[in-house]
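Next up: the structures, one after another.
Shared between the two complexes below is chain A, which has chain B as its partner in the first and chain C in the second.
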Partner chain A sequence: MIAPLKDIIPAERARSTSFNEASARTRLELLLDAGSFVEFIGPEQREVSPHLRIFDLPEQFDDGIVVGHGRLDGSPVFVAAQEGRFMGGAFGEVHGAKLTGLLRAAREIGSIPVLILFDTGGVRLQEANAGELAIAEIMRAVMEARIAGAKVIGLIGGRSGCYGGGGLIAGCCSALAVSEPGRIAVSGPEVIETNRGVEEFDSRDRALVWRTMGGKHRRLLGAADVFADDTVQDFREAALELLSLVGPFGLDGLRAEQARLADRLRSFGGCEDAVDIWTAEGIAHAERVPELSADLFIALANRIGRTSRDAR
Partner chain B sequence: MTLDDVLASLFPDGHDVRNDEGVVLGSAVLRSGTGMLVVGIADRTALGIDEAIRLSGYVLESVGRDTGPILVLVDSDSQRMSKRDELLGLNEFLAHLAKVLIHADMNGRATIGLLYGHSAAGALLATGLATRVLVGLPGADPAVMDLPSMAKVTKLSMEALEEKAKSTPVFAPGLSNLARMGAVHMTWSSAVSLAGQMEALLADMPAVQDKRDALGKERGGRVKAVDIAERVRDLALQTR
Partner chain C sequence: MEDLNFQHRARARAGGTRQSAIVGVVASGNLEVLVERSLPDADCALEIKTAAVGFGEVWSAVIDDFVERYSPGGLKFSINDGGARPDTVSLRLAQAVRLIEGNGQ
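What follows is the complex of A and B.
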């Protein structure tokens, strides 16, 4: 007999729910300890974007981001989850300000970590100036929170990926977990193709997009320290793992990051394609990496993948 | 103003700032005797991984060795849009540059951005917008997003966009729009010495706290951001 849905315990639901396909609210509900999530400025307050009406575009009552607090394995955490299905999860004035406020509180408290569930195409075009500045303020607030001792963990596996200024914010985080569909980049495939031509980047070549910007490549490069299978439970476990790994932030970490990135440029600056990088890293049959199951890939990444631990 | 004009007006007694294929590195001493590290991106150069790593490395070498403020000169293109840059993790390189500047600013090396030409998108985030005070010079033409691209995405005509831009600073390019948002703190005059204006700024440097959202509200460009951020912060602090 099949159990009624409400009787399935949260961990089982989290294990059978695709992070990629879930909404921002479902991700948070299943990521955190059951029933622990409390939202700040929820949709009932209808704090919508003041700018979308200029373009006769529909507003959303939460402006595409859910922020609040909850518990993870009993410990308090602040959380922010972008909704990639509303305007591609893009940063606008209200959307960004919610995350900025959350990070500023984390800075003042110092001991409560922040989890950011990225799902964004970057700046919201219709309010580009406000969105760009919101991203600048968030980057500053992430660094201030980290300097004050708070850990800021990014979880990347949404449909809209983590593009534009979202990629820069991710680069400011203490650590990242990424799944295969979680792409991380600044310029999106279409943007590169539009500006530089299809010879530079064919945005319709999905395999090229995944191996250049996708989660597996980012994990092997060490941009992300944990690779998660695409379930909410895997991201929950990844967040717990990263929270236990992250050390304090300081100048040494920035110097180590300088060395890490300079070394990457020296080692792979001449590579034409991700497969060349993976081959140079000693992976036999590197062209088969995209086909590897999560388990096999994680075993490979644990053996060969680089790390940004204490170097970001 | 050109880079040479800017440098001559800022440092009339001379400087050792060099422009190497758009990457600006060097230092100078102000009339007051204050030494200043100078970095930047010139000639509307795209900011890619090769440029960003040199800039961050130069600032990091100075941290702990020198004292004094850090000037970031900005006349860039957007971030470099290429397969190679993205393949190697452009987001990390740009974030790293911003982090190095923010960290320096919070640790006794006040940062000042000087936007004298173009800039856009990720390049602006990693340079001017990662400084404590961003100054604009007349003639600077930043564009977070250019109108033709925006017309393509929004499916609106250029005329319709230009019409809408008259009623709001929130999306259209331009220095004055960014100033109304609170992104550009002040605009200097190019008719008088930049050295004097720099000395005046350094003598009255704002506190390290990020107040750009409050500035945006004061100037009517971002009416909601500061209040939303403050409310979330207050609610979050109550959870302690």
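What follows is the complex of A and C.
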């Protein structure tokens, strides 16, 4: 007989819960120390989007993002989790303002890190200008929080991936953890195909999409620093690992990041496909990378050793 | 969008002391239910905003059945609906009562 959920200890639930399939609220509940999460501007305050009603679209009481604070292995953290199933986790005015406010709180305090659980297709088209402004405000708020000494860690493993403005914000973070289903990019597959044609990018070729934008490729390129298996517990451990690894932020780090990106472009700029990049990185049988289990892949990625840890 | 409101009398007050709970998500075929303990013990109210227009009678039947089964006295339900089927609505309402009656998570 299966034990009732309430009788299972949190760590076991976190180990057996897919990060990808869980809701934003469940992710936070299981990621943080049990019972430690306290929400800011909860759903009972009904801070809904002022725009969706105009388009005759349903609202969500938290506007698709849950923000607050809690504890991770006993230490305080600020957290934000996007709900990828509500409008693709897209940024609107209120959704964005909640994340901006959280990051500004982190800036004021300086010592408390921020975990952002991205799950987003980018900006919500129905509130495009407000959403674009929100992305710019959040990017600034991330950098200001980091300058003030707060580490900002992105965790990416949701259904909607991390696209559009979400990809830009992720690029501003101190470090990223990603799982196989967590895709990171700016323009999504359909956008690229629409603008550049099917010969440039066939959005229906799912294998191409995953090996170009998926978590494994982002880890091998060094864009993400840690690869997590798709459980909430794995993301919890990844967050703890990144919090211990991230160093202070300053001009030296930015110069190193610029050099890292320039080197990456020099090394792989001529590659036609992700498999060519993996081969150039010295991976034998690179075409088999997508099939590797999480354990084998993590061992391979650690051997390649490409990260942004000294940069960003 | 269509707004629907239902007022019911419940046999008994819902158990537990938690003040509010939320369950579900607003997506196609899904809904969120925010439940708050904010009414007199024998009252129950439901405010629904739904993307599927013209299903008032189905909502009425689902809610009559729900109130009869769970006796959610003292509870106010606020629902954002993305066009969920009646069985999904019943499930979410039951989950919401279960959550607010349980005093922890």
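The definition used in the following text is that the second predicted complex is superposed on the first by the 309 of 312 C-alpha atoms of A that agree within 3 Å, B and C clash if a C-alpha of one lies under 4 Å from a C-alpha of the other, contacts with A are read in each partner's own complex, and residues count from 1 in each chain.
Rule of thumb we're sticking to: a residue touches a chain if its C-beta (ideal position, glycine included) is under 8 Å from a C-beta of that chain, and two chains touch if they have at least 3 such contacts.
As the structure is a computational prediction, the values presented were derived from the model and not from experiment.
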Report task. Please indicate which partner A:23 is in contact with in the superposed arrangement: first for chain B, second for chain C, both, or neither. Result -> second
Query raised in the report: In the superposed arrangement, does A:271 touch chain B (first), chain C (second), both or neither?
Result: first
Report task. For A:60, select first, second, both or neither according to whether it touches chain B, chain C, the two together, or no partner. Result -> second
Query raised in the report: Where does A:15 make contact in the superposed view: on chain B (first), on chain C (second), on both, or on neither?
Result: neither
Query raised in the report: Just chain B (first), just chain C (second), both, or neither: which does A:123 touch?
Result: first
Requested in this report: Please work out whether A:71 is in contact with chain B alone, chain C alone, both, or neither, and reply first, second, both or neither.
Outcome: neither
Report summary line: Counting only contacts in the complex, chain C reaches chain A at residues 1, 20, 22, 25-27, 30, 32, 34, 36, 49-51, 78, 80-82, 102, 104-105
Query - Sites on chain A touched by chain C in the complex - result: 6, 23, 25, 29, 35, 42-44, 46, 53, 56-62, 83, 85-86
Report task. Within their complex, state which residues of chain B touch chain A. Result -> 49-50, 53, 56-57, 60, 63-64, 79, 81-96, 98-100, 102-103, 106-107, 121-122, 124-126, 129-130, 144-145, 149-150, 153-154, 156, 164, 167-172, 177-178, 181-183, 210, 212-213, 216, 221-226, 228-237, 239-240
Requested in this report: Quick one: which bits of chain A touch chain B in the complex? Just the residue numbers, please.
Outcome: 38, 40-41, 47, 50-51, 54-55, 67, 69, 76, 78, 93-94, 96-98, 100-102, 104-106, 108-109, 112, 123, 125-137, 139-141, 143-144, 147, 164-165, 167-172, 184-187, 191-192, 194-196, 200-201, 212-213, 217-218, 221, 223, 251, 254-255, 257-258, 261-262, 264-265, 268-269, 271, 273-274, 277, 312
